[in-house]
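Given below, in the form of structure tokens, are the structures.
After this come two complexes, each holding subunit A, first together with subunit B and then together with subunit C.
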Partner chain A sequence: MQEKFEPKIVGFLCRWCAYTGADLAGTSRIKYPPNINPIRVNCTGRVDPTLVLKALASGADGVLIGGCHPGDCHYTNGNIKTLRRFKLLQNMLDQFGIEKERVRLEWVSASEGERYARVVESMTEEIRNLGPLNWKRKEMEVIA
Partner chain B sequence: MTSPKIAFNWASSCGGCEIAVLELGTKLVELKDKIDIVFWPVALDFKYSDLESMPDKNIDVTFFNGAIQNSENEHLAQLFRAKSKLLVAFGACAYMGGIPALANTKSKQQIFNSSYKETPTTDNPQNITPQTKFIVPEGELTIPKFYNTVKTLDQVVDVDYYVPGCPPVGSQIEKVVGTILSGELPPKGAILGASDKSLCHECKLEKTDRKVSKLVRTYETIPDPKRCLLEQGIICMGPATRGGCGAICLDANSPCRGCYGPLPNVIDQGAKMLSALASVFDAESEEDIRKLADSVVDPIGTFYRFGLARSLLRRTKE
Partner chain C sequence: MPEKIGVYVCHCGTNIARTVDCKSVAEYASHLPNVAVARDYQYMCSDPGQEMIKKDIHELGLNRVVVASCSPLMHESTFRRAVSSAGVNPFLFQMANIREQCSWITENRELATNRAKAIIAGAVTRVSFNEPLEIKKVPVNPDVLIVGGGITGIEAGLQIADSGRKVWLVEKEPSIGGYMARFDKTFPTLDCAACILTPKMVSVGQHENIELLTYSDVIDFSGYVGNFTAKIRKRPRYVDEEKCNGCGQCEQKCPLSVPSEFDCNLGKRKAIYRPFPQAVPGTPVIDREHCLYFTKGACRVCEKFCPRGAIDFEQKERIVEVPVGTAIIATGFDVFDASRVKEYGYGRLPNVITSLEFERLTHASGPTAGKILLRNGKPPETVAIIHCVGSRDHNYNEYCSRVCCMYSLKTAHLVHEKTDAKVYEFYIDMRAFGKGYEEFYKRLLEEDVTFVRGRVAEVSEVAQNPSEKGKLVVVAEDTLLGIVRRIPVDMVILSLGLEPRKDALEVAHTFSISRSRDGFFLEKHPKLAPVSTAADGIFVAGTCQGPKDIPDSVAQGGAAAANVLSLIDRKEVELEPSIAIIDENVCSGCKICLGLCPYHAITFDEEKSVAVLTAALCKGCGVCVAACPSGAIEQQNFTNSQLLAEVEAVSA
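Coming up: the complex of A and B.
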């Protein structure tokens, strides 16, 4: 029998909203898949596209960038800066052949523990259906 | 003291890097008395057997240009590594894949189909594509194996120094040769013949803090020759590219395409340029941002024009 594929997701979560939302999900004992590895950043505006590419190239099956809803950014507009980059990044990842579902930008406020759990849940399921990204393994077959 | 032995080699590239050396002109003649050139396909007739018969570490410095796209390129890379004391990745292709690495957006099969079958001018009724071996009455013929993925020189052998540029500009080549001949060698892995600041530092165009609401491609406009091209909506790789070339493309009113590669401590040039471009977008709503992002026609070809093989993802998924 084939073992169930467990996606590895890296989450870059802003400390003011999404990370606090994730904390709330935890303290409220909301159940959600353990597939996400959250990394706290001060603002999604700090999430250089290099970080996303590096995560994917190093073996992640997906990346979640979680920030404050537009208008709520602790630093006024860091999340909008991220949105500008994200649209470009999405188009570029599409050209690389990486499915849209693997890299998501989601707005989660500090009070939305439930929403955070549902985002992680849906993302995990979508990626599970897509299967592993396996970028590292592909690298090995470069000469073929 | 005998004069240092220098070799140049040409792998998967257009040959422009070797022409760039020829552009040194009369200075090359002066240099000729100081060095002994032992291998140089573009100008002198040496055979691979000459190279193979040399003892190991016989060549003092090899300037290796071109990416690694087939088994011959790789074989020569290994041969030059064994025969040379110093191996220099010379030019954008050897350093980061260069234009040939854009082949990494396709598979070997797609490239063969396009080159040998689908191009309108192709006349190939038997659908023949290159085979590495072919038997003829006189015996077996072989050609190098074409790789699925283009690699940089340092992805196949150990490299001592890098000289960026497509091609490296003449004045910088002179400096690099001077540095190496002086014997005062920089630390291994150094980027020679370039600056540590972005191209924008040497670009003379006027920069304000203007944002853009529309991107234009170079053929669609004649830019104002005094103002920053990025602020005129033309994608210019300057902010994410190492300087040192003297901004010669900008002098010709043409945007930088990034051939000098990433800045120091930058892992991925394309990711940095993507960020820089997004930062000049004059758009707040998701809809407007999407429109601007969608107007970048070929993101990989724009952000990784010369650096796909050296990027984090290196190639597209098949």
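Coming up: the complex of A and C.
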């Protein structure tokens, strides 16, 4: 029998909201699929689209960018700048033939542990249904 | 020097070890590139745990360290100190969070163990790219800003001012005192609120180290720990505070009476007024909305009678900029709006009043001079007190407001003491948790108050039998008897819950602090850092952080003051060096970064045609780094190579 596919998701979480919210989910012992590898950044504004592409190219099946709700950004509006970049990134992913569900931008406040858990849960299930991305292998095949 | 990395996997007792196979994770880590040693241990944060790291640094010559344990928000500073004391730069340390975001989120041991391995692989790969950084120290401005002049802000202000530091106390209302100034007695001791509060208010007003700015608000707050600038708007009182001696002539002569907000609109005040006689400062304000001179263009009676020529109709609002090193937010609460609970009839049924209105009725200097009266001027024969209005209710607020049970008991006692009325209390659970509280409850049980355990369904004026005629009928299920009761009463007092202030979101934005799900300000840690916030140098105290009684508010005010004084006495604070740096040799001068920086930290050098960063203004968000098309900007401790390495490792 084929082993159940466990999606690999990379999470870029801002330290003020989403990362703290993710910590809260754990502290509150809220359960969600352990399929996300969190990477802490000061602000989602630091998330260069290159980082997202790097994750997908290195074997990740999906990427979550988690920031503060609009208006709550610790650095005034880094999250809004990310939102703008994200729209362009989505177009680019589309051109690459990557399903847009694989890369998500979500607002999670420091008190929304439950919400963070549900975001990761729904994202994991969605990607599980899409199947592995295998971008790395595909890329190698093209080169070969 | 070749990298020699030490990896330490913490069991955290069973917190991590229960779902993560720490032994196999350490074994896995020992085969990662450049790892010289990988160990697992019960409690890495303990002294023996930290000693283990130091010993390995000395004996094995480790030059980089990864600890896989809890969230970096918890112990990053602990381990940075440990490696630093063993001679390794603290930024050559990397933390891997395998507790909050790994072991605690699942019961699946296999998946959790795999996840922990990936997270550690990310940290180990990243740490090779970490660079030693210098922590910059900046001096702390010893002046303190306190926002809110209720009992919490007063307590904090006096503590700090008494130590010889300067305090800027900003209060929105014309007088300090907050809600406590409106209360009659305080539970469980039945101390007169004014008797214990007003001496403190006077001390604030006279303190040489307190700069009191009433009728003012903070409109902007910028800078960083130790070096903030507060922009404060002082609204015009139209009375010169320097000249006024508070004689009260103007109030007496003013021809216009309007409802007094301080008395919950039950009493009257003049258009030039002090909210209450003991107000601090004693200088009145002219209410521009109502004053006949401002509305109709004529009157100026107050000006004519003022013996000191203090009235100044030309006064303008002033903006004051104040440099401070720390700030305490003590903005307090709002009471729940009782008219939202339609079934209780507040606003529709005249003798349904709120607990705050009751405070004013029973207050000696209130609108009825302390008499508890119905709207028709007669004393009530029966009174019902309804607990949990706006609290413990999915429709409004889920939380318990913590003070209502106790002040409801006090209300019952005062009604009993001042009238012959029969008192009914409708409660869900009686929460008498503080010192002397349970004893007070016992006392009330003996004072012939009838306690009915059950949530009130409705307050109705529709009589079903002659005994209910002309009465308010309180309908509630008595859950102890298992029957529905209809109790006719003359007066209903709604015990209102506490809510975040209407402008809490605005205040949170001004000070860049977060709010919890209930809307109150979020503390750094609910148990271990109850008055700190995620923003260094900014503290919260009192009911703006969550419902609290007076003793707890005062305790928090004192705690915040101690936190502030400890920061001031350190004289210097360390700044996270995760700021941006621009390589002018790579910068193409496209100017994209200039418009992105929220702090105007980047300027343009026209001569060299490159962007230049002012380090002191940079807060390290990294927006410019991600945007630079030439890759000329890097963020220290979050460099592209560090992040790319981590991303690659966790994705593999």
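By our rule, the second predicted complex is superposed on the first by the 142 of 144 C-alpha atoms of A that agree within 3 Å, B and C clash if a C-alpha of one lies under 4 Å from a C-alpha of the other, contacts with A are read in each partner's own complex, and residues count from 1 in each chain.
Quick note on the criterion: a contact is a pair of C-beta atoms (placed from the backbone, for glycine too) under 8 Å apart; a residue touches a chain by one contact, two chains touch by 3 or more.
The structure presented is a predicted model; accordingly, all values stated were derived computationally and were not measured.
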item	value
Subunit B versus subunit C as contact partner of A:128, first or second or both or neither	neither
Partner chain(s) touched by A:41 [first = subunit B, second = subunit C, both, neither]	second
Partner chain in contact with A:25 - subunit B first, subunit C second, else both or neither	second
First (subunit B), second (subunit C), both or neither touched by A:118	neither
Touched partner set for A:54, first subunit B, second subunit C, both or neither	both
Touched partner set for A:87, first subunit B, second subunit C, both or neither	first
Touching partner for A:96 - first (subunit B), second (subunit C), both, neither	first
Partner chain(s) touched by A:75 [first = subunit B, second = subunit C, both, neither]	second
Which of subunit B and subunit C A:16 touches, first, second, both or neither	second
Subunit A residues contacted in one complex by subunit B, in the other by subunit C	48-50, 54, 56, 81, 85
Touching residues on subunit B, where the partner in the complex is subunit A	105, 108, 147-149, 151, 266-268, 270-272, 274-275, 277-279, 281, 283-284, 286, 289-290, 292-294, 296, 298-300, 303, 311-318
Subunit A to subunit B touching residues, read off their complex	48-50, 52-54, 56-57, 80-81, 83-85, 87-92, 95-98, 135, 138-139, 141-144
List of subunit A residues in touch with subunit C within their complex	6, 8, 10, 15-17, 19-20, 22-23, 25-27, 29-43, 45-51, 54-56, 58-60, 71-72, 74-78, 81, 85, 109-112, 117
Of subunit C, residues touching subunit A in the complex	71-73, 97, 99-108, 111-112, 114-115, 118-119, 122, 505, 508-509, 512, 514-517, 522, 534-535, 578, 596, 598, 619-623, 625-627, 635, 638, 640, 643-644, 646-648, 650-652
